[in-house]
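Letters A, B, C and D name the chains as they come in the text, with residue numbers starting at 1 for each one.
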């Protein structure tokens, strides 16, 4: 494979598709789906075809590469983009208005970010992706888009700032030159890159754009949460294990074999997981619930990257992959519900599963993955991160993660009960199952989850090649079982035992027939069928909310709002500086000169 | 004391009821169906904040229904009964639920049990009796025993041979 | 091949015995409850009759196919969980899956039940499941901390390794008494015994999640309940009481297995009876009271236990 | 083992494990606590109160039934699962008791749902209730408590009788 093919398939083709589909109106998504399928198939076929290209354009060295890491991430993003576009064929039909072309621009941007081996192209493609997201969010709400823009700008500035520092020390934009950055500069560089990439990943204090942006068009959000948020994970992985190598990180000191930056990242990740989960429990808006859940799940990925043992990093990569799949399915499920009912408040829905069983099945399986039920691969990745933390004997990170995963049951049941189970409202009695291509979009993502649950060895092969590529030890595994230093599990045994137990239960169950009754034939003290809606999903976790109420008043969003108001007030004050008197300006100039002089003197 | 004055000022003829062993005065006032609304309003502003009950009596010989509005004042601790008589063959009364919301429940019950129409109350309808198919059962000309015999299965009586 | 068949048969036998023992435990609980109330009480084998009667009911009703998931996932998950719990030193499948896997398997039956009862469209069921999940979040906090203290102290997440390390009466309850206390408090909520039986409060929400289940559905859920009585008490026994292993199987062979099994049964009974006695004399907490209770005292005790394990293992370097 | 033996075992089990749902109308409910608690202790026969009709075998009606209540009782009865038994309690359920001439109290419950056993008295003492339970057990063992079968066979008649007092059913 040469550079032209790589560039052509992953970047030029989506851009071409974007321009083509823009002129097609309603049928744009069909074409866009086809255009996004090509990179997906190509990615899958080109596994192992690693290659690197460096060339000089406009006097700047630029570089692109296909390696196990970005191959893995391209697979994730193109899977989710393909299924999101496939889904959008029907769901955004009438409101097309450039949706598909913007999606393809985002795909091109994401592919560019992943393939880039130099900071300049990274930044350019990062901005392409970021602006397409901004425009896509803007379709739903200007306010959300503004909030996203502020954080996107913070992210971009931090990355740009980091690139500037790197260029200052090395005089080159290539990744391979980062080794030239002196160790003391990493004190600034590391937090800068973590904040820059962490924004995309919705890391805890920088997460508040996510619930807003994730409330826009849901089939796009499936790609945003499933695919694009992984670019943040990718960036943090690169920062930790490619730019700053373990030697640099260890230079900050270590805490029981884990580097201090890594430990800090793990702590941030654990708190992100915990707080994100607790906030997700109390959301009544389906989209916001999934958004907070997304924040929480990426917290686990941060923990994995922070801990830095092969098991943890492998678990984090696996969890990123799982999250891409199950969160995309969940957002597509949410899109499906909104597409059929036009309603996104959980308390207003209910009983959708009886009308849309296949959608329910897909959502149920991805909720299994989300909650970590061992029937899906979601369990294995969580298991790896837990085991890594336990074997390191971390007593703050581990309980936070574990209790967050218990909290995940709470909010996933809120989705299951509030939206899909319970009483079917009269106004939703007529709704129908989704058309086949939309179901296909969801089930494409379900299949890998099930396959990797039985045979995790298949994906461990990929993860192992990434770990080895970045100079870490490989994992211990066979096709069906995996091990850590403290424990292990065999999924084949598990599945066989599960099937056997299920057969026993099925045998007992089949002995007697059962009569199906109407949903209104329910025991309510002898009452039946009234006009009162009896779906008990409103304010579902009220008792828990009452317990948490004193803590819930501390909100990051409110903090930011206060900061914003403070600055808005501050600028009012600054305006008064412009007095219009030349003598004042002269005094300012003199003061500024003295300040700069002093700073410069101190620096030199 | 001042309640009596108040009632006289309102121009209502009232009598003080004599209840054995009860020292708190009770007043029985006969008013007509036009003025009841304003009287209750005035009493309410004069401290009769508690609407105790609305009952109905069937005076079959007079051909009238008597509606009794029972008010109580926490300040003077006195009871006032306002009696309104309406014709039995056209039992129509204005609703007073805007004065005390709980009147609505009483009106629904009286509508069901006596068949009195309360104009303006839109919740009249099936309330306590479910699936009722005869004349309102609390009317004096309703024969309960005959109805029960007709509608419900009875256990056949044992022949005891007149006890002789 | 022969070994495999014997292995499967033994596993099946152990699981069957465990379910039967679970039903017996439920009967014992009813008997104890009755005696505390100064009543005669049902015979101890009463629950066998109940299950038999429920499975033999002539008609059964279902609401939809999701409703069926409750007994299917419930019983299948319960049997599966039993397979991963060592009983009397016999490890069953616990060599092929560790505590973390077990923790997540233990969710499967409850999840199936939550799905099934949610699908019944009865508001009581929704409220009941909400309370059960909130209670779960409550008791998991101390329970996970105690598990962590064990995992850190013994440096393993495997139950069978944990049993090996506790052999010869080096039980964890002697080493980590605070953790054991917190775990026992968490156990009370896990088994939904009073004062934490608000999710299935019969008089308030019509037995909560079980409101629509009858006949074979209820019968299978009762089997699941019986299995889980064993799972939960046995988990405590395996974690803190050495799993009842007092004779080394490699030395005494089959006799060791039998003796260990009886000791295990005895210990399970002791743990169960403690919970039952607490159950017999307490009223019930409201759900927010239960939540506050669990995140207060048991969590503090468990955190102290974790601190002890941490100090012993990491700072003092004690290797059990 | 033939079908008859299975039936016998089945009856044996359902006799020894009778769960009931109380339909506590009227004053009869007050006689139930002594039956359940330490004086008489019905749990020694495997009987116990249940929260919902789906789980229960016995429907215990402890007092007079107004038309409105009867509708609920019939619904609860129909929500129970076979085999199911009905015990009607006190004279109100037999002949209306002190409400014999009331305009909305049903006088004979067995015209509307099949009653397996009546307990006479106003109120019946707990001894009488225990006696009734033992009698019901005996009837189940002999296969005589077949109210649920009769209800199925004569469903049309029962429904006709019910509709004599109800105007609407599914509301």
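In this text, contacts are C-beta pairs under 8 Å (C-beta built on N, C-alpha and C of every residue); 3 or more make two chains touch, one makes a residue touch a chain.
Quick caveat, the model's predicted, so the values are computed rather than measured.
K.L.:
Common contacts of subunit A and subunit D?
P.N.:
Under the touch definition, subunit A and subunit D have C as mutual neighbours.
K.L.:
From the centre of subunit A, which other chain's Cα mean sits the farthest off?
P.N.:
Centre of mass proxy via C-alpha means gives B as farthest from subunit A.
K.L.:
Counting C-beta pairs in contact, which two chains come out on top?
P.N.:
Greatest count of contact pairs is found between chains A-C.
K.L.:
Using mean C-alpha positions as chain centres, tell me how far subunit C is from subunit D in Å, no decimals.
P.N.:
37
K.L.:
Between subunit A and subunit B, what is the separation of their C-alpha centroids in Å?
P.N.:
For subunit A versus subunit B, the centre distance works out to 69 Å.
K.L.:
Could you state the distance in Å from the CA-based centre of subunit B to that of subunit D?
P.N.:
Those two chain centres are 39 Å apart.
K.L.:
So how far apart, in whole Å, are subunit B and subunit C when each is placed at the average of its C-alpha atoms?
P.N.:
Here the centre of subunit C sits 62 Å away from the centre of subunit B.
K.L.:
When you check subunit A against every other chain, which residues touch at least two of them?
P.N.:
Residues 521, 523 of subunit A touch two or more partner chains.
K.L.:
Would you give the residues of subunit D that are in contact with at least 2 other chains, written as numbers and ranges?
P.N.:
Each of 52-54, 71, 79 in subunit D touches at least two other chains.
K.L.:
What parts of subunit C, by residue number, touch at least two of the other chains?
P.N.:
Touching at least two other chains: 57, 59-61, 206, 211-212, 215.
K.L.:
Check the chains against each other and report every pair that touches.
P.N.:
A-C, A-D, B-D, C-D
K.L.:
Spell out the residues on subunit A that touch subunit D in their complex, using ranges where they run on.
P.N.:
Residues in contact with subunit D: 521, 523, 525-529.
K.L.:
Help me check something: in the complex, which residues belonging to subunit D touch subunit A?
P.N.:
Within the complex, subunit D touches subunit A at residues 52-54, 71-73, 75-76, 79, 170-171.
K.L.:
Once bound in the complex, which stretches of subunit D touch subunit C?
P.N.:
9-10, 13-14, 16-17, 37-38, 41, 43-46, 49-57, 79-83, 148
K.L.:
Please give the residue numbers of subunit C that touch subunit D in the complex, ascending.
P.N.:
By the definition above, subunit C touches subunit D via 30, 34, 37-43, 46, 49-50, 52-53, 56-61, 202-203, 206-207, 210-215, 218.
K.L.:
Within the complex, which stretch of subunit D touches subunit B?
P.N.:
67-68, 71, 94-96, 100-108, 111, 161, 164-168
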